[in-house]
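In the two complexes below, subunit A is the common chain; its partner is subunit B in one and subunit C in the other.
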Partner chain A sequence: MAHEDISVIRLRDLLLVTVPPDPDDQTISVLQERVLDAMARQDCRGLVLDISTVQILDSFFARTVAETVQMVSLMGGRTVLAGMRASVAITATQLGLTMGKALTALDVDRAFDLLGALPPKGDGYE
Partner chain B sequence: MPEQPNSPSNKLLGTSDSFRLLVETVKDYAIVMLDPDGYVASWNVGAERIKGYRQDEIVGKHFSCFYPLDAIERGVPQEELEAAAREGRFEDEGWRVRKDGKQFWASVVITALREKDGTLRGFGKVTRDLTERKRTEERLQQQSREIMELSTPVMQVWRGVVVAPLIGSLDSQRTQQFMERLLNRIVETNSPMALVDIMGVPTIDTQTAQHLVETISAVRLLGAQVVLTGVQPAIAQTLVHLGIDLSDITTRSSLAAGLLVALDMLNLQVVAKDLRS
Partner chain C sequence: MNDIPEGELRIESENDIVAARKVVRRTATAMGFGITDVTRIVTAASELSRNVYQYAHFGTMRWRFLNEEAGVGLELVFEDSGPGISDIGEAMRAGFSTSRGLGLGLPGVKRLMDAMTVQSQVGRGTTVKVRKWLRRSYAAAITSGGDPPQG
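Right, the complex of A and B next:
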């Protein structure tokens, strides 16, 4: 997997990352670094992880995502997982893989709505 | 027909003649004697009725003609005889062939018959025609599959709201199917709210509750929310007594109340028409 494929797009004050369909462990780690870099460089209040093309979810992926959610949170942002497939959600539940404190949304559109509707982090919301 | 005993004083029971009479005339079982190599040595009325051969047609033929071709090719008849000789008896259920080529579902018991000194004298083979029972079983299985299909509909009741009424108890197989349907429907209809109605669930146990919780967490991973509706008094009591904690799940006693919650979460509101305008 070419890591150049991973693009972190900034839309207004949110970051949008599309996770490639079949990410290997290294891709996921690179993705985490890029996301955190972008959070540091650009003052963003949230991250949308589009996982609508991901077909297989393993424990490493789940753990890294959960960690990323925590890290982004420490840097003052919220994370939304958008567009998980039904089959992936069923497998994840059966394997007991939780995504930590990630918010979820049916698609990217709703994820932006969700983050837009929530007050910025640190305003006594959590 | 063999001759009937002409007087009740005739000592019918206990004689080998009367036993032969029983075997020969019983119609519900095919009782066949085979010689040690598997050739038919005797035949009864039941065998004629079930397998279709008359006694003079079949005696002396090899018993493998009762088996379907593929079973013969796999050497099944011989294996069964060997198993019976080894173990003393062999029992099997499977398709067998009648004289007219039609198949029937047979329950077969082959028993090895030995002389006192242990030499193999032959085999006794008792066959029953269980085609009817087999068909009934298949019909039942199909019906239960259909019921399972029917009992988990997922309907869209509003833009962004789906309702899934659960009827009957939830075992793990049904949970799997229900989960798939519900999640697929949520994705198809792009609905952020799902109402799961358990009014039709007669009783709830820890396992059922566990299955519900699993389904709800899968729905959350998709990015939708579940409202559990139709929580009856008895169910509420059971849940508390069993110590099942559903506190992070929104629950309501009626579907109508659940729908209001769903609409509220979608920032929608139902208002009365203004009659004056």
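Right, the complex of A and C next:
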């Protein structure tokens, strides 16, 4: 899996990252780094992780996502996991995985709606 | 089925975790498992091969097409000569959540598969065998919810 496959796109004031279908551990770690780097450099209020093509979500992946959600949160942003496949949701639940405090949405479009509708962090929302 | 009915893969680097996932996905799909079962089996393979790499640094995964009295299915065997597990009962009980990645995640893997057996000796190594049935024979289905003990 080539790391160049991962692009962090800024759309309005949100970051959009599409996770590849079968990422190895290294790719997942690189993805986390790039996301945090982009959060720091750009004035963004949140992150949308498009996982609609992801075929497998194991404990390493889940832990890294949960960590990323927590780190983005410390930097003042919110994370939405968008488009998890039914087979992946079933497997992740049976395996006992949790994604930390990630918000979820059926697809990227709804994820943008969700973040757009939320007041900025530090505005007494939490 | 023209796809490889059985084989062996060495697990000795992080990349082999992905290689294990690929071969298991290809085999399970070729056997006719549905998308959800394929995902379950591939996820189990990912967890178990990571355990091998993480705890023993190297080992093997063997896969085998099962066609026996009990039914038709897929068997995966992960074997290493790592540190071993001192209390298998504890490893099977400990922690529902594997999200911290600190536990062995064995209870979670067991839920994804139809049967799992763990053999381990401290200082000698660990063998984890998992099975998923594509079709179970009627007799096997009514007599056991799990796997008969393996030798």
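The definition used in the following text is that the second predicted complex is superposed on the first by the 126 of 126 C-alpha atoms of A that agree within 3 Å, B and C clash if a C-alpha of one lies under 4 Å from a C-alpha of the other, contacts with A are read in each partner's own complex, and residues count from 1 in each chain.
Here is the rule we use: a residue touches a chain if its C-beta (ideal position, glycine included) is under 8 Å from a C-beta of that chain, and two chains touch if they have at least 3 such contacts.
Source: prediction; values computed, not measured.
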Q | Clash or fit, subunit B versus subunit C on superposed subunit A | A | fit
Q: Once the structures are superposed on A, label A:A105 by its partner contacts, choosing first (subunit B), second (subunit C), both or neither.
A: first
(Q) For the superposed arrangement, I'd like the angle with vertex at the C-alpha centre of subunit A and ends at subunit B and subunit C, nearest 10 degrees. (A) 40
Q: Considering only touches as defined above, state whether A:V69 meets subunit B (first), subunit C (second), both or neither.
A: neither
Q. Regarding the shared-chain residue A:L36, is it in contact with subunit B (first), subunit C (second), both, or neither?
A. neither
Q: With the two complexes superposed on chain A, say which partner A:D58 touches: subunit B (first), subunit C (second), both, or neither.
A: second
Q) So, A:L81: does it touch subunit B (first), subunit C (second), both, or neither? A) first
Q) Can A:L95 be said to touch subunit B (first), subunit C (second), both, or neither? A) second
Q) Between subunit B (first) and subunit C (second), which, if any, makes contact with A:V19: first, second, both or neither? A) neither
Q) After the superposition, what is the least C-alpha distance between subunit B and subunit C in whole angstrom? A) 8
Q: Residue by residue on subunit A, keep only those touching subunit B in one complex and subunit C in the other, then list them.
A: 85-88, 90, 94, 98-99
Q | subunit B residues within the subunit A interface of the complex | A | 176, 179-180, 183-184, 186-187, 190-192, 214-215, 217-224
Q: Please give the residue numbers of subunit A that touch subunit C in the complex, ascending.
A: 1, 22, 24-26, 55-60, 62-63, 66, 85-88, 90-91, 94-99
Q) In the complex formed with subunit B, which residues of subunit A make contact? A) 80-90, 92-94, 98-99, 103-107, 110-111
Q: Please name which positions on subunit C make contact with subunit A in the complex.
A: 14-15, 17-18, 21-22, 25, 35-36, 38-40, 42-43, 46-47, 50, 96-101, 105, 107-109, 111-112
